[in-house]
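Okay, structure first, notes after.
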Amino acid sequence: MRFTRSLKAGAGVAVLALALAACGGGGGSTGASETGNQSLADKAKSTQKVVVGIKFDQPGLGLKQPDGTYAGFDVDVAKYVAKELGVPESGITFKEAQSAERENLIQKGEVDFIVATYSITDARKQKVNFGGPYFVAHQDLLVRSDNTDITGPDSLNGNKKLCSVKGSTPAQKVKDTYAKDVQLQEYGKYSDCVTALLNGSVDAVTTDDVILAGYAAAQAPGKLKVVGKGFTDENYGIGLKKDDTAGTSAVNAAINKMIADGSWATSLQNNVGPSGYKIPSPPTVPSS
Amino acid sequence: MDLFSKYDIFGAFWVTIQLTLLSAVGALIWGTVLVAMRVGPVPVMRWFATAYINIVRNTPLTIIILFASLGLSSTLGITLVDPDSTTSIADSSFRLAVLGFIAYTATFVAEAIRSGINTVPVGQAEAARALGMGFTRVLGTIVLPQAFRAVIAPLASVLIALTKNTTVAAIIGVAEAALLMSEMVENESDRLLLVFVLFALGFVILTLPTGLLLGRLAKKVEVRR
Amino acid sequence: MSAGSVLFDAPGPRARLRAHLYTALFTLVLLAVAWFVFRGFADKNQWNGALWKPFIEGATWSEFLLPGLLNTIEAALLSVVIAIPIGVLLGIGRMSVHRWVSAPCGVIVEFFRAIPVLLLMVFAAELYFTYTDVDSETRPLLAVVTGLVLYNGSVLAEIVRSGIKSLPRGQAEAAAALGMRSGQIMRSVQLPQAVSLMLPAIVSQLVVILKDTALGGQLTVGYTELVRSAGPITANFNNSIPTLIVLAAIFIVLNYLLTLAAALLQRRLSRSRRTPPGAKVVVNPGATAGTGAGVAL
């Protein structure tokens, strides 16, 4: 009899878990409909809806805010492209695109396109199409504003402390190419690196300049600065389904228009400008 | 087996072993101190030990380790190293991780020892007190030695759990087994199973003998009642 | 022996004086440490109201923390519900009289108990990523649950085994004398008695599982549980340290409630039921190797 009561309790827990799983699963519908190989351009026009992959935790680029809205340069680009494709802002669903997931999300059709500091590389081109580049970033260093002795990657020699995220190539590149005796601190997120930088336990944080500028802009003005000696080129592209040529040219046209009408520069100025980061000239985007 | 030449697998496991041993010794000492405070006559110490154990034991190790790095080292400046050393960051992360493991594991050590104290017959302590012994001598010479014998098996479980828990140090960049594995599964995704079996075996080799040896020791020194 | 007053005499005047002295000294040390931490944090501006303000705003909770908490609880509950039947099967299987059943069960239990949960999760995530078509919403959850079930299923198997072993031998012998077969003895005599004995140990295993879900947001697992869900909070407000403190507080409260529930359950069970002699070792968590393993991670 005791046994049956225990069983009942167990069954209750099971039902609860199933209910939880059900509402978890229900809330997380993937959104991308079964349009198969239809081009992004046609699909957007006919459904008035797109699912866009962005970063959720990158200030200045793609950041989810407490009020549930999204802000940043990547977000602005995504909205502009969506508008040009004929999708109103209310028709955009933003979805988190973790770095390792990006190709996968596109290939499985879980997102229609991705704007998430997504560098165009040959390896990735095998799996997805790229629109753009809509921005050319350079790997750079973020330091405290009162720091004068770090002027570029070479000046990290002499036992400086450099922070980056786990498993990221930027930090290793600095160590291999520029400064042999730099020390690396690795954390899971760049915001932890920024905390360490503000506290003085590391001397510099490294990744793409525009990402660093986003963090600097999110701080009180004058606390952090981007060194501004970029030492690589990262072409940020908009990822979409492999072989969707019509979609790619529509995206390219949208980026070109965004650059031409000045919204491109305005968005950058608003999002990362406050860091003192000099807005570069826009990249050349293939016109068709 | 080019994996062994390409990656320093033994080096990573050596770091895991070092983390485990240093943390184990520290946790044993700190855990014993905690238990002494918890059963002792000074109310403030009892209160502190109880609060400490309840708080730390219920916090995920992930958060404790992150806090050791971001809070202790970065904010309070307790880096535990000479800042001018050329390996200060690696050393600091390692030592802070050890500190975090000690703080966490000690609570389980303390709980295990306390349950061991409960197995010692009341008459033992009463007899000791009748001989005029004070608290420290009753605990140190009569009760704890018997309690330890009773808790070798649970302490072995704690040690095994600690060995596995050291993988959490990966999140602050300590170059131990889990960090290497997460790097390897990304680079060698075509030999996924091999990589996993390699690391799984590594941990089996580390933990199984611990369990067997200490299990045998537990039987040998058991107090027969 | 109940710890406490048995270990020392009722304090006389000198002992009381000494206790007061220790109290004063220890309080001083505690205060000094607290002051040092407080000052240190203040020096780095960590008590700045702007860093803490997000946590008294509803939006921070409804957008980030509560969904994360829900994910944490979802992963934990799913893992428990799946791990319990697996644990019972493995535990009973390991005690089987047939070697071809007991040997593989033993190997499985020992193997998965020896492997860090984090490694299991990282591997499961990569496995699902490479070889299955599961969509990106559910894959991290699957990885987390897989890791937790494999590990905790094995731990629960040991709890079941030690629970059944702690029953008086007479129970099984009497059943055998009545002509029951071994499977029947297990099902209708041993398991029902052992289940209520093991319940507290199982509930405290829930605390372990709940804490371990925090590993799911780390490395390449990528599950948006409570700790990871706080990522955008730090990105919005640059408050790594306050966020960590709030996260820790949530876990502590949650787990403390669970521990209280476990203690309540234990008290109710031991009051309402005459525990068979010798069975109380299991009810006292940490006293046996099996339950010790459960409490220890």
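All chains are identified by letter, namely A, B and C, in their written order; residue positions are counted from 1 within each chain.
Following the convention adopted for this analysis, contacts are C-beta pairs under 8 Å (C-beta built on N, C-alpha and C of every residue); 3 or more make two chains touch, one makes a residue touch a chain.
All figures in this text were calculated on a predicted structure; none of them were measured in a lab.
Centrality by Cα centroid goes to chain C. Among all pairs of chains, B-C has the largest number of C-beta pairs in contact. Set against the C-alpha centre of subunit C, every other chain centre is closer than that of A. With each centre defined as the average position of its C-alpha atoms, the distance from subunit A to subunit C rounds to 35 Å.
A straight line joining the Cα centres of subunit B and subunit C is 16 Å long.
The distance from the centre of subunit A to the centre of subunit B, with each centre set as the mean of the Cα atoms, comes to 38 Å. In subunit B, the positions touching at least two other chains are 66, 70, 75, 77, 170-171, 182, 186. Listed for subunit A are residues 100, 166-167, 188, 192, 195, 199, each touching two or more other chains.
Shown for subunit C are the residues that touch two or more other chains, namely 44, 218-220, 240-241.
Only residues 2-3, 6, 10, 13-14, 16-17, 20-21, 24-25, 28, 30, 56-59, 63-68, 96, 98, 100-101, 104-105, 108, 110, 166-167, 188-189, 191-192, 194-195, 198-199, 218-219 of subunit A touch subunit C when the two sit together in their complex.
For subunit A in complex with subunit B, the residues that touch the partner chain are 100, 159, 161, 166-167, 181, 183-188, 192, 195-196, 199, 201-202. Taken together, the subunit C residues at the contact with subunit A in this complex read 44, 54, 57, 59-60, 63-64, 70-71, 73-74, 77-78, 80-81, 84, 129, 133, 135-138, 141, 191-192, 195-196, 199, 218-220, 222, 224, 231-236, 238, 240-241, 273.
The residues of subunit B lying in touch with subunit C in their complex are 38-45, 48, 54-55, 57-64, 66-67, 70-71, 75-77, 108, 111-112, 114-115, 117-122, 124-126, 129, 134-135, 138-139, 143, 153-154, 156-158, 160-161, 164-165, 167-168, 170-171, 177-178, 181-182, 185-186, 189, 192, 196, 199-200, 203-204, 206-208, 215, 218.
Residues of subunit B that touch subunit A in their complex: 66, 69-70, 73-75, 77, 79, 84, 86-90, 93, 170-173, 179, 182-183, 186.
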